[in-house]
Amino acid sequence: MTLDLVAALREKGFEAEDRGDVVTVRLEPGKLEEAARLAVELGFDHLASVEGVDWPQDGVIEVIYHAESYEEELRGKLLELRVKVPRDDPRLPTLIEVWPNALFLERETWDLMGVVFEGHPELRRLLMPPDWEGPPPLRKDFKVKTEGVFVNVE
Amino acid sequence: MGVVGMLIRIALSPQFFGPIVFPGLLTVLVVLLSIIWVERKIAARVQMRVGPLYVLKPLGGAIQMLADGLRFFFQEFIIPESTDKLVFVAAPIVAMAFAILPFAFIPVAPKFIPYSVPYSMPVFLGLNTVIPLTILAMAWGSNNKFSIQGGIREAYMTMAYEAVLFIAAYAMALLYGTLDFAEMVDAQGIPGIILNPFSAAAFFVAMIMSAGKLPFDIVEGEQEIVAGPFTEYSGIAFGLTMGIGYVQLYGFTLAFTLMYLSGWNPVPAQLYSIYPALGGIMLFVKAYLLLMFIVFLRSVYGRYRLDQALRIGWRKLFPLSIIAVFFSILLRVIGIV
Amino acid sequence: MSSSVVTRRLLAKEGDESVYEVFIGPQHPASGHMRFIVRLQGDVIVSVDPDIGWVHRTMEKLAETKESIKAIPLLERMTIIDSQNVTIGYVRALEKLLGVEPPPRAKYLRTLLSEINRIASHLYGMGLAGIFVNHSTMFMWCFGDREVWIQLAEDLTGARLTHSYSVPGGVRRDLPQGFKEKALKAIRYMEKRLEDYYRIFFNNPQVRARYEGVGVLKKSDAKRLGIVGPNLRASGVKYDARLLGDYGVYDELDFEVPTMEEGDAMARLLLRGEEIKQSMNIIRQVLDKIPDGPIMAEKYMRLVPPKLREQALKEGRIKFPGIFANLKLPKGEAVARAEMGHGEIFYHVISDGTKKPYRVRVVTPAFRNVILFRFLPPGHRFMDFPPIYGSLDYFPPEADR
Amino acid sequence: MSRRKTGLKEHLEAIATGIKYLVKPNRITVYYPEETIVLSERYRGMIHYDWNKCISCSLCAMICPADAMKMYRKKGEKKARPGINYQRCIFCGYCVDICPTNALSFTRVHDVAYEDREEMLYPPERFTQEWVSPAEKEGAKKLKVVFDEERGLVHEPE
């Protein structure tokens, strides 16, 4: 089954890699929608997660889509689409037409990671307060104050 | 002697004693304070809890409502800027007045009737129909979305129960051949609930609807509209709005007892000979037990939807009350009564 | 197909001047810590905009700032009522990265606590479903009977709710004395009580009237919207992350995943009742089959001083090896899915080879189900909104993270 | 699973069930300040610190997920000792589980109240104090929890 999946993806020109419980496809942003539509055809009809990972040293944000299926034979597998977008202007097309439940997942990724999903009808604050300003909190340049272990006392 | 004797005579006259002491104002107050406590205790028993306890612990927190009432008294009564102030303040007072007024027409014991009118039953029901209007006034005066939603629900609910209430009651009037509560009691050799159970059932459900108790507390609808028409009220006015339903319910249970449960019969002759109003003890006991059963329903039911309540009113209770009318006619024709 | 779904129901509509906006929450008696902007035309809901985030705590960011094992008590706080199931996914992801497998007894114990938590979580959800239609008895009963299961969990782990029970490599506590008898008594009690639940709540005509036929979610829509948990199974999709065989010992046990075809609010409620029965069935089997042996992987137990190891064996309380404070995660990534009471939780942990995870992605079931607040209520009456909400068993802190 | 229609019979069943519990209530309330539950053997309550067993390894402070445990280092002294801030403590018990000398241990005391936030800070010296449940100190009746098939949890005097 998994072989089929990788083969099916390769047939359409996507570089797929089977890593146990996920099948990873690395993509250019331009081919994202095509890959997503293919994923739906293969049975991955909804998303488990949309996720942004900040890699400041490479100057990119990697957006990872995990698609999931309720079909019995695809249950143990997740299909992972990985796209890299430049950190200073992260833009991707929205996938809500392909995966309707991307609606809130993309909105959250915009909210917390600052990735703009073009064509998304409501990129409003979801988890952050409406008047939030400053760097998106999940980026690495948003620093959380941490404390040390030792306290000096008189 | 002369003045004191006259005062006592006035105090003990049915015209005063009825509305002010029993079954009127003072009893209403006691019923109000006790029944809410009883309701909470019953619910607690069913629900694995203890309920109010620490206010007068030896009696299981029996004066909890007195404490709550005092708190309402001394709490600030906030009148929001955006309200229609006159309506906002006046409506709960008018509502309470009209909830207590019908007690003047409830006979207490044989020959002990505060205001003897031959139409006490329709007068009683008629006075109760004013209360929904005051609730509408509260809702409108509050100028709050939740209140207005609640007000509209009240208006719809009135449609659902009012016709049923009157028709079911008239079915009994038809059966007994009188519109007077006292004469109805005298006419009940067999209790009305056995003579015409259809009317009793319809009246019973309609009166729960009218008082807005579960499963028909749609107007308050806490989960959607906070407290419905009473959302903006605080302090003593909130206490009043909370009490209206219970007072109304108490009145209705008295009426129900008079019409269906053979009223004050059997009259304990000894008590009656001491003072006639004491003969009404059975009336009170029956009404109170009924009241307890109604507040018990709170721990069995949730809330119906507005359209379902309307459907129950028009599709089930309304035909039932019409059946009750024909059943009464049938009984009269056969000559059972 | 999909585009019609999106445009038809999912997008929030502002509406014209005939539309009346009601705010439910965040200080509302029935909403919990979230707000719904409900737009009404007359009494009919035009659209609902779930405004979440009132209890957002940036869990994902905070998890990045802590050594991997410290994030367990943190992530637990997303769904405090279901803390074993909410952290087991994270623990599994760490175990995959670290390359350890828990010993069999630890797996059984995890399964045991998972199911105890699931029952408690379902009771919580059912209780709230009761109070949403003002059925206070259901609310009180569920919360009262939940106490039985919390007591069991406390006997096992030492905490009522925040168990922090599973750690990479195993679990922290062994079965206490006399646990089996207690658990069997609790099961028999619950079985009896469920009958009364049916009498006073599930079969109560008033409750049926409010929940039946309300908020119908079709099978195809449920699949496309990525709904999880009992809400999905009530629409007839037989999917449960326990069936993946990734964690626990579910593949060794004989249990059913109940499904229902109706997909309405009543089905979602009844399904939770059925799942409680199945969970009790699982607990019975676990208690019968549980093997003897260590409860922590040898890899870590080896590092504990022998004296403490003996003490741990005697008392049934694991002592952590010193490296737990500085557990280095090998470079790599891992995904894990687990079935909570509310549905499937998804974890994706990326490590860059340091002590702290580079990125922790968690998608909670409540966050995945929040889309239903958009999808289900339009077209219903305003008074149908609380039953729909109640039937979804939505838990705001979990969605907000 | 087929669903049956409901009607008058179910109404009566529901009311009968209510009456059943009204007559024979199944209460689980514990009158707390007068009665108190003796918690299970493993309960993770307030933490007790044994000054003499401590070897100042600082593992407890390092594993504390809530930054509640800190190592207090006195000027001039080499050894640092743990102190706890109960404003932050989440009672996960990691510190107790990692302590290599059993210097930290759980007590079964949980019902502690403070009037002042400062009081919730326990530097090493105070951290060694013995814990007594305030309710027990006031002479509350001790109850133990017993599982029961009929009533779920029953609280019996110990």
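Observations on the model:
Chains: A, B, C and D, in written order; residue numbering restarts at 1 for each.
Methods note: a residue touches a chain if its C-beta (ideal position, glycine included) is under 8 Å from a C-beta of that chain, and two chains touch if they have at least 3 such contacts.
In this text the structure is predicted, and so the values were computed from the model without any measurement.
Between B-D and B-C, more contacting C-beta pairs join the chains of B-C. For chain A, the chain with the farthest CA centroid is B. A separation of 62 Å divides the Cα centre of chain A from that of chain B.
One finds 48 Å separating the Cα centroids of chain B and chain D. Rounded to a whole number, the gap between the C-alpha centres of chain B and chain C is 46 angstrom.
The geometric centre of chain A is 41 Å away from that of chain D, both derived from CA atoms. With touch defined as above, residues shared between interfaces to two or more other chains in chain B number as follows: 46-49, 299-301.
Chain D has residues 14, 17-18, 21, 26, 28, 62 in contact with two or more other chains. Listed for chain A are no residues, as none touches two or more other chains.
Every residue of chain B that touches chain D in the complex is listed here, in rising order: 42, 45-50, 296-297, 299-301. Contact residues on chain D toward chain C in their complex (touch as defined above): 1, 3-4, 6-7, 10-11, 13-14, 16-18, 20-21, 26, 28, 39-44, 57, 59, 62-66, 90-94, 97-100, 102, 106, 145, 147-153. On chain B, the positions that touch chain C within their shared complex are 43, 46-49, 145-146, 149, 214-215, 217-218, 221-226, 298-308. Chain C meets chain B in the complex at residues 20-22, 24, 28-30, 43, 130-138, 140-141, 144, 200, 204, 206-207, 209-210, 381-386. Within the complex formed with chain A, the residues of chain C that make contact are 2-3, 5-6, 10-12, 52-53, 56, 58, 60-62, 64-65, 223-226, 232, 237-239, 243-246, 335, 337, 344, 346, 348, 350, 358-359, 361, 363, 367-368, 370-371, 374, 400-401.
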